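Heads up: the structure comes next, in C-alpha cells.
Here the chain labels run A, B, C and D in written order, and each chain numbers its own residues starting at 1.
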Amino acid sequence: MTKRFGPVVANDRVDFDLRAGEVHALLGENGAGKSTLMSVLYGLYSPTAGEIHVDGKPVRINSPSDAIALGIGMVHQHFMFIPVMTIAENIVLGSEPVRSGLPLGILDRGTARRRVRELSDRYGLAIDPDARIEDVSVGMQQRVEILRALYRNARILVLDEPTAVLTAQEITELMTVIRRLKEDGTAIIFISHKLGEVLEVADRVTVLRRGRSMGTVPCAGATEQSLARMVVGRDVIFRLDKQAATPGEPILEVSDLHVMDDRGLEAVRGATLSVRAGEIVALAGVDGNGQTELVEAITGIRHPAAGRITVDGTDITGRGVRAADSAGIAHIAQDRRRVGLVLPFTLAENLGLRGYRKPPLSRFGWLNPKAFTALAGRLLSAFDVRGGDADAPAAALSGGNQQKLCIAREIDSDPRLLVAHQPTRGLDVGAIEFVHGRLIEQRDAGKGVLLVSLESEEVRSLADRILVIYEGRIVAEFPPDATEEQLGIAMTGGALTAGTVTAA
Amino acid sequence: MTVTATPSTVRSPAIPIQRIGLGATVLAGIAWILTLPPIMVRTAVPSIVLGIVAAALGTAVLRDPKHRRLGGLAVGLGLIAIPLALAMANQSAANVREVFTWSAVIASGLTFTTPLIFGALGGIISERSGVVNIGLEGMMLMGCYFGIFGADVCHSWLLGIVIGAAAGGLLGLVHAYFSLHLRANQVVSGTAINLLAVGLTGYFFIAQYGDNGTPGTLPQVPNVSVPLLNHIAFVGPAIGAGTNVLTWVGLLLVPVVWWFLFRTRAGLRLRAIGEQPLAASTVGLKVIATRYVAVTVSGMLAAVGGVYLSDGFDGSFNFDMTDGRGFIALAAVIFGKWNPVGALGATILFGFSSALAYRLQTFSQTLGTLFQALPYVLTLIAVAGLIGRSRAPAAAGIPYVKE
Amino acid sequence: FGAGTGSAKMKATKASSFKLGVVTDIGGLNDHGFNHLAYLGLKEAEKQLHIQGEVIPTSSASDYVANLTTAAQHGDNLVVAVGFDFATPLVTVAQAFPNTKFAIIDYDASTILNPKTKKPFKNIEGLDFLSQQSGYLVGYLSGLISKAKHYTTISSVGGQKIPSVDSYIAGYQAGGKAADPKLKFLNAYSNDFADQAKCETIANNQIAQGSKIVFQVAGGCGLGALQAAKQKHAWGIGVDADQGYLGNYVLTSALKKVDVAVVQATRDLMHGKFYGGGNIINSVKTGGAGYGRLNSVAKPYAAQLQKVLGEIKSGKIKNIPTKVK
Amino acid sequence: MSSPGRLRRAGRGALIPLITVVLAFIAGGLVVLFTGHDPFRTYGAIFDGTGLNYLFPWVGGNTRTIAGFDLQQTLLNAAPLILTGLSVAFAFRVGLFNIGSQGQYTVGAVMAVWIGSIFPNMEPVLHIVLAIAAAAVMGAVWAAVAGWLRAVVGTHEVISTIMLNWIAIWVANYLFQAGGPLQSRSQAGNPVSNTIVSNAHLPVIWGNPLLQGLDAGIFISLAAAVAFWALMNRSTLGYEIRAVGHSPDAARAAGISIARSYVTTMAICGVFAGLAAAVDVLGWEFQLSTGDIATSQVGFLGIAVALLGRNTAIGTVFAALLFGALETGTSVRALNSNVFNPELASQLTLIIEGLVVLLVSTDLIAVRLLGLPAKLGWGRPEQTTEGQPPGAADEAAPDPTEALRPEPSL
C-alpha cells in the first residue's frame, strides 16, 4: 500500500495484516504515516497504489460509509465530533433510528438514547447520552468515540493514539475495555507512542518509520528498549539525568485564587501554591480540574475572581498578559496550534509575538523587519527548528517543530518563571526528550518552572515537587518519588482520606 | 469506569439578582405601554416613576457582572420610557390612537415581515449546512423579477412562484458550485451573486418590458381572508381580512423548518455537516451533496420572499427592488441565532417597527424622516441588549476539502 | 404664452441639424415620472420637428456634470436637464458652455445665479409647472365625489417633501376643501420615489384610517399607493402622466405635461425664442397642467370640472397654495 | 524574506486576479453575444468609454479631448472606491466584515459638506484640511460604534454595520430634507445641502475645473493605500491586527487586547470611508441631496473592490481602477448608443462586475487553467475564519485551508 501527498510519500509500500481477535499495535515517530495508513483503511484517503483485503476478499474503500459497511470502526487521533450536539446524537449520527411507519425520517430520540445507554452499560462505560460533547471531559469523549464504533457493529476497531489524552486511571480502564472487546472477537489496531502500554495490551507490533514498515514483531519477548530502537533507529535514554534541585527564593506565589471558566462556573476555588527559583513544580491532575483556568489566570489571560498572584513580590493579579510578561512569566501554551502560534504568520513573526512591542523588534510603533529576521535566524538554529525558514508559515511545520518554535520564543524572553502547560502532548519520543531537556536547563539556570501535565510519568520524572489539583483546589503535595498509585488516588479526590500526604 | 470528575456546577446565590433584573425589565415595559393604547394614561407621571425605578434597579443589577446585560436592558428601557411617555402625554389622544392602531400596525408589519421571513429561513438552512449566504439579497431579487415574469408569461401566480423560486434556486446552485466545487471564499461569492442579480434582473427587465415597466394586469398572488378569524375583535382587522397567501405560508414555514432542523434525520445531518463536516463525513454523511441541496433550497426560499414583494405585494417589478431586504434577513439570521423561531422574532421586531415608523409621521412630518430609522435603531438595541454574542455553525464559511 | 423674463430673439435653426439632448435624473427611463415623460417629449420632438435627439440617463451623482458636459460636447443645441438635482451642476456647466442652451425642468431658472456676475444665466431657462392647478382639479373632483358618496376622509402620498410634490398636494387639498369643506385630508411622505412597498404601506395606513381616495405624488413608488387603493377597494388618482390605464379604480390623474413642455421649448428655440434666466410657465392655460382620463365614477362630474378648469384659466380661481402645512 | 522569492510570489498573486478578470470579460462577452450584440464592438466601445484610449498616442483631436475627459471621470470614480475598498479590506484583516462602509461614507459626507459650507472665508488649505479631518473623524466614530459593540457586547458586526448604514442614511435625509437643520438656504424647499464654498474645493489637477476635472482627491486615495500598507505590514498595530485576525486566541495569549483591536480597526476603517466621502464632496460633488445619499453605492462597491483586491492595499487600488473604469466605460453617456443600448449597458456593467467578483472568489479555475498545483494556493483572499461572516465563529474553527493561505510577509 502506498500513499502519496504530492511529493510527500506518507506510506511507502506498507504491508500490514490484522487477525481476528488480536490487538495489533502500530508504532512510529510523529509523521511516520500511522494515521495516514489508518485513514486509507477507513476510506478517508484513497491509496495511491496497493490494495486492501477484508476476510480474504479484495475490497475498495472509497468512503467511510464503505468502511462502516465492512465493519471497520475508527477512533480518530483528533476526535471527530459535533461539539454542540449531545453524546447520543453524536453516536447515532449517520445511522439514526427513526420512527417507523412515518415518512420524512422523524428522529426517534427515545430509542437513540436507550440504545446508547444499553451499549455503554454492556462495556461498563458510564456516559450520559444527553450531555453535550463540548461539556464533557476528554476521557469521556474518548469513550464516546469507542461507543460510536461499537454502535455500528465494528469488527475491526482502529484506535489512533487513544491514550494520549487520558489519565493513568482512564488508561487502565481503557485497557480493560480493549481486552473485553478482544474477547468478543473484535480485531483492534492500537496506535500509541507509549511503549509500556503497547507491551501491556498488544499481541503484535508493527513499526513504521518515514512511511516504511520496519517489520512486525510479536509482543512477547519485546522490550521498551527494543521497540524504541525500532521506532527511532537509535538508542533512547528513558531516564532523565538531572541534578537535585537547589531551590532559592519563591518567585511565584498564588494565594486563595478563584477563577471562573467560560461558562461562569467556578473552576479554580481557592488554589494556593508557590514556585521557587531553581525548581520544577509539577501540577498533576485529571483534565478539567481547573488547570487551564489556573494557568490562564497566572499568565494574565483570564481575570481571576478573587485571590492574589505575585511574581517576585509584585502583584500581577488581573493585570493582564502584558503585566505578567513584564513580571517575567513565560508561557508554553497547551494548545500550540490555537494559542501558542499564529499559524499563517511566518516563523519570524511568530517568534516576535512576545517581544514585538520593544526594541529591537519595533521602535515608536513601527516594526523593524531586519530585527525579526535576525531573531529568527538565531532561534531557529539554536532550537533546531526544522521544516521551514524564517519566511515560511508556521502552519507548514510538524507538531514537534511547532512546539520547538513556541519553546524557543518563550525561553528567549529570559523569563523568571516558565509555565509549561502539557508541553509534550502528542510529541514523539525524540521530541519529548528535547523538551524535557530544555525545561531542566531552565531550572538549572535558576528559573522557576511550573509544569502542568496530565501524564504522571512525565510529572514524576521531571518535577522536584508535585502538587495535585482536584476540583480547583491544590489537594496534595508529593515529593518526586511518589508512586503512580499515590498520585492516582490524590488526583481522583481520594487524597484527603488516604492520609499519606500533607494537604497543601 | 467512573465518571470523570468535573467541577461541580453549583452557582453562587445570584438568583435574587436575576429576579430583580427581570422585575426591573417588566416595570420598564409597563412604563412603555402605559401611555399607549389601549391603556392611554394621559399623564406621563406614572411612566416616569416606573421608568426611574426600573433604571435604578437596573443599575443595581448592572454591578453583578453575570447579569450585566439584563441590568443594562432594564436601565435602557427605563430611561427611554421617560421621554416616550412625555412625548405621548403631550400628543392629542386622537393622534396617539391614530398612530398606535395596533391592528393596522400588525397588518402592515406583516407585509414588511413576510419577505424577511423567507429570506431568513433560507439563510438559516444554508448557514446551518455550513455555507455562508451573503447572496440572499440577490436571490430574493431574482425571485422578484422571475416571479413577475413567470406570472406574466404563464398567466398564473402559482407558476410565478414556481418560476421565481427556480430562478433563486439557480442562483443558489451557482453559489453552491463556487463554494463547494471551486472552494470559493463564500463571502466573495455571495457578494458577486448580489451584483450579478441586480445586473441580470435589470437586463432582463429592460429587454423584456422596456420603458413601460411590468404590465398592470398580472395575476397576483391573492390575499385570503380567513373566515373565522375575520370576526374576532382586534385579530380580525389585523390578520383576518386579506392577508397574502405567501404571508401565511411564510409564517407556517417557521415551525416547519424548526421541526425539520431539530426533529428529523435530515435536519440532524444538515446541522452536523454545518458544524463539523469532517466528523460528519467520517460517519458516512455526504457533505457536498447535502450542502448543494441546502444552498439551492436557501436560494429558492429567499426567492419566494422576492416573489411576495413583486407579485404578491407590489404587483410589479422595479430595479433593485429588494432594497437591502436580503441583508436585513441576513441580520435576522444572526439575530435569531440561526434558529427559525428566533429569526421570526427578529423579522417581526423589524417589520412592526417599520410599520410603526411610517405612522409616526402623524406626530411630526419633519421628524418623520428621522423616525424611519426606528427599525434599525431598535434592532441594534435589541441585538446589543438581548442577544450579545451569537455562535454561528462552526463550519460556516469554510470550504470543505475532501482528499 | 410664456412669461419669460429674458426672452431673446434668435436666428431660427434648420430642423434637420437641430440637436436636442435630454439628461435624465437617477432612476432610469421608466421611472413613471419626469424621466419617462421627458424621454417621451424627446421622442415626440424627433417625430414632430424632425430633429436629432439623444437621451443620456444618469446613474449616479458623479454623472450630473459629466452628462451635461457630454451633451454640450456633442453639440446639442438644447440640453434639457430633468429635475432640481441639476441646479448646482448647471452652474458650472453653463459657465463652461456659454453657447449651449440649457433648460431645467420644474425649477426656477431665475434663482440659478452665475457666481461671477451674481445674475441669472442667460443660457438657462426653467420649464416651470403650476402643478397646484392640476392638484386643485383632481382635489375638486375628489371633493365632489366625497360629498356625493359621504366620504369623510381622502389622502395623498408624497414621494418626498419637495416643492414639485407639495404644490400638487397643496392644490389637491385646496380643491377638495372648495368642493367639500368638511373633508378631512391625510398626507404622508414615503421618502422614496422607487420602492413601491413603501407607498403601498402608507396608503394602506391611510385607507385604514378611513381614506377613500388616495392621490399618489411619488412617481414609481406611488404605483404602490394605487395598488393599495385597488386591493382595499378605494379610489386612486395618478400623477404626472395619465395612469388611467392601470384600471377603473383610478379616478383620474393630475397631469404635468413635461413631454409637451420639452417639445414646446424645442420648437421655441428652433424659432429663435429662448427665455434665458427666466422660465416658461406651463399651466392649465398653456395645456401644461390638467387632469387625465376620467373613469366611470368620475365621468358624471366632467362638466363641473371643465367649469373649474375654465375658472382657473380665466384667473377667477387664483392663489392656489403651493405649500403643505 | 528573500526578495526575489517575494517578487515571484507577488507576480503570481497578481496573475490570478488578472486571469480572472479576463475570464469574467469572456463570460460577459458571452452574455452580450447571447443577447444578440457584437461583443468585440461592445467591449471596444466600453474601452473607449473609459477614456483609456487617451493613453494611445495616435488618438487625437476631439476624440482625444473626450477621451481625456472620460479618463478623468474614470479616475474620479476610482478615487473613493479605493478608499471604501481599503475600509472594507482593513476590517477583513482583523477578521471583521465591514458592510458598513456605506454608512461611514454617508456620515463623513454629511460632515464634509457641513464643515465645507459653513465657513465662508476660511484659509483654503486650512478649510480643506479641517473638512477632510472632520469627515474622517466622523466616519471613524460611526464605525467604532460597531467595533465597540462587537468588542464589549459581542454584537455581530454584520448586523450592527447594516443597521448603522440605514441609520446614517435616514439621519442624513432628516438633516437635508425640506425644513431640515442643514438644508440649503438658497434652494428653497429642495432637499439639498448648502454648497461647499470655493475655498474648500480640492484643487483640480487635470481637466477643466468647471467640468468636474480630476481633483487632487486621487492623491489622497493613493496616499491612503500607502498608509494602509505601511500600517498593516510595518507597524506594531498592523502586526497585532493581523495576529487577531488569524488567531484571536494566540493574540490574546500574546497580550494583545482583542477588544481594543476591534475598536481601533473599525475606527481606521471609518477613517478610510470618511476620507472617501471627503474626496467626493470636496472634489466634485460640492453638495449633497437626499437623492445622492440614497443612491450612492460607493461603500457597497467597496466590498467587491476589497475582495477583488484580496484585501491588500495594492490589489484594492487596481480593483478600484477596474471598477471605476467599468462604471465610466459603460455609463450611458460614454457609450456609443449605436453599438449597444445604453440602458442595457449599465446593467451589463453590473453583470461583468458580478462575474469578476464571482470568479475571483475562487482560485481554482485560474489555477487549473495554468496547470499549477492547487496546493500552492497563493493569493487566496487574505482572510481568516473569523472574517467569514456571518458564520464567523467566535471560536477559531480549524480551517483546512489555513495552510493554503499566503504568508503575510513582514
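In the analysis below, a residue touches a chain if its C-beta (ideal position, glycine included) is under 8 Å from a C-beta of that chain, and two chains touch if they have at least 3 such contacts.
What you see is a predicted model; the values in this text were computed from it and never measured.
**Student:** Starting at subunit A, what is the smallest number of hops through touching chains needed to reach subunit C?
**Tutor:** Graph distance in the chain contact network comes out at 2.
**Student:** Hey, which pair has more contacts between C-betas, B-C or A-D?
**Tutor:** A-D is joined by more C-beta pairs in contact.
**Student:** Among the chains here, which has the CA centroid at the largest distance from subunit A's centroid?
**Tutor:** C
**Student:** In whole angstrom, how far does the Cα centroid of subunit B sit from the Cα centroid of subunit C?
**Tutor:** 38
**Student:** Express in whole angstrom the distance between the two chain centres, defined as the mean CA positions of subunit A and subunit B.
**Tutor:** Between these chains, centre-to-centre, one finds 43 Å.
**Student:** Would you kindly tell me how far, in whole Å, the mean C-alpha position of subunit D lies from that of subunit B?
**Tutor:** 29
**Student:** Can you list every residue of subunit A that touches 2 or more other chains, as numbers and ranges?
**Tutor:** Counting only residues that touch two or more other chains, subunit A contributes none.
**Student:** Any chance you could list the residues of subunit D touching two or more other chains?
**Tutor:** 173, 177, 179, 343, 346
**Student:** Any chance you could list the residues of subunit B touching two or more other chains?
**Tutor:** 278, 369, 372, 391, 394
**Student:** Got a list of which chains touch which?
**Tutor:** A-B, A-D, B-C, B-D, C-D
**Student:** Which positions of subunit C touch subunit D when the two form their complex?
**Tutor:** Against subunit D, subunit C makes touches at 25-26, 28-29, 54, 56-57, 59-63, 65-67, 69-71, 73, 84-85, 87-88, 92-93, 95-96, 111, 115, 160-163, 166, 191-192.
**Student:** Considering the complex alone, what residue numbers of subunit A touch subunit D?
**Tutor:** 6, 299-301, 320-322, 325, 331, 333, 335, 338-346, 348-349, 352-354, 356-357, 362, 365-367, 369, 372-373, 390-393, 395-396
**Student:** Which stretch or stretches of subunit B touch subunit D in the complex?
**Tutor:** By the definition above, subunit B touches subunit D via 69, 127, 130, 132, 134, 174, 178, 182-189, 191-200, 202-203, 206-207, 278, 324, 327-328, 330-331, 333-335, 366-367, 369-370, 372-373, 376-377, 379-380, 383-384, 387-401.
**Student:** Once bound in the complex, which stretches of subunit D touch subunit A?
**Tutor:** Interface residues on subunit D, with respect to subunit A: 1-2, 5, 233-237, 239, 242-243, 246-247, 249-255, 257, 373, 375, 384, 396, 402-403, 405, 407-410.
**Student:** Show which residues of subunit D lie in contact with subunit C when the two form their complex.
**Tutor:** Listed in rising order, the residues are 65-66, 69, 73, 76-77, 173, 177-179, 186-192, 195, 198, 208, 210-212, 280, 284-287, 289-292, 294-297, 327, 331-334, 337, 342-343, 346.
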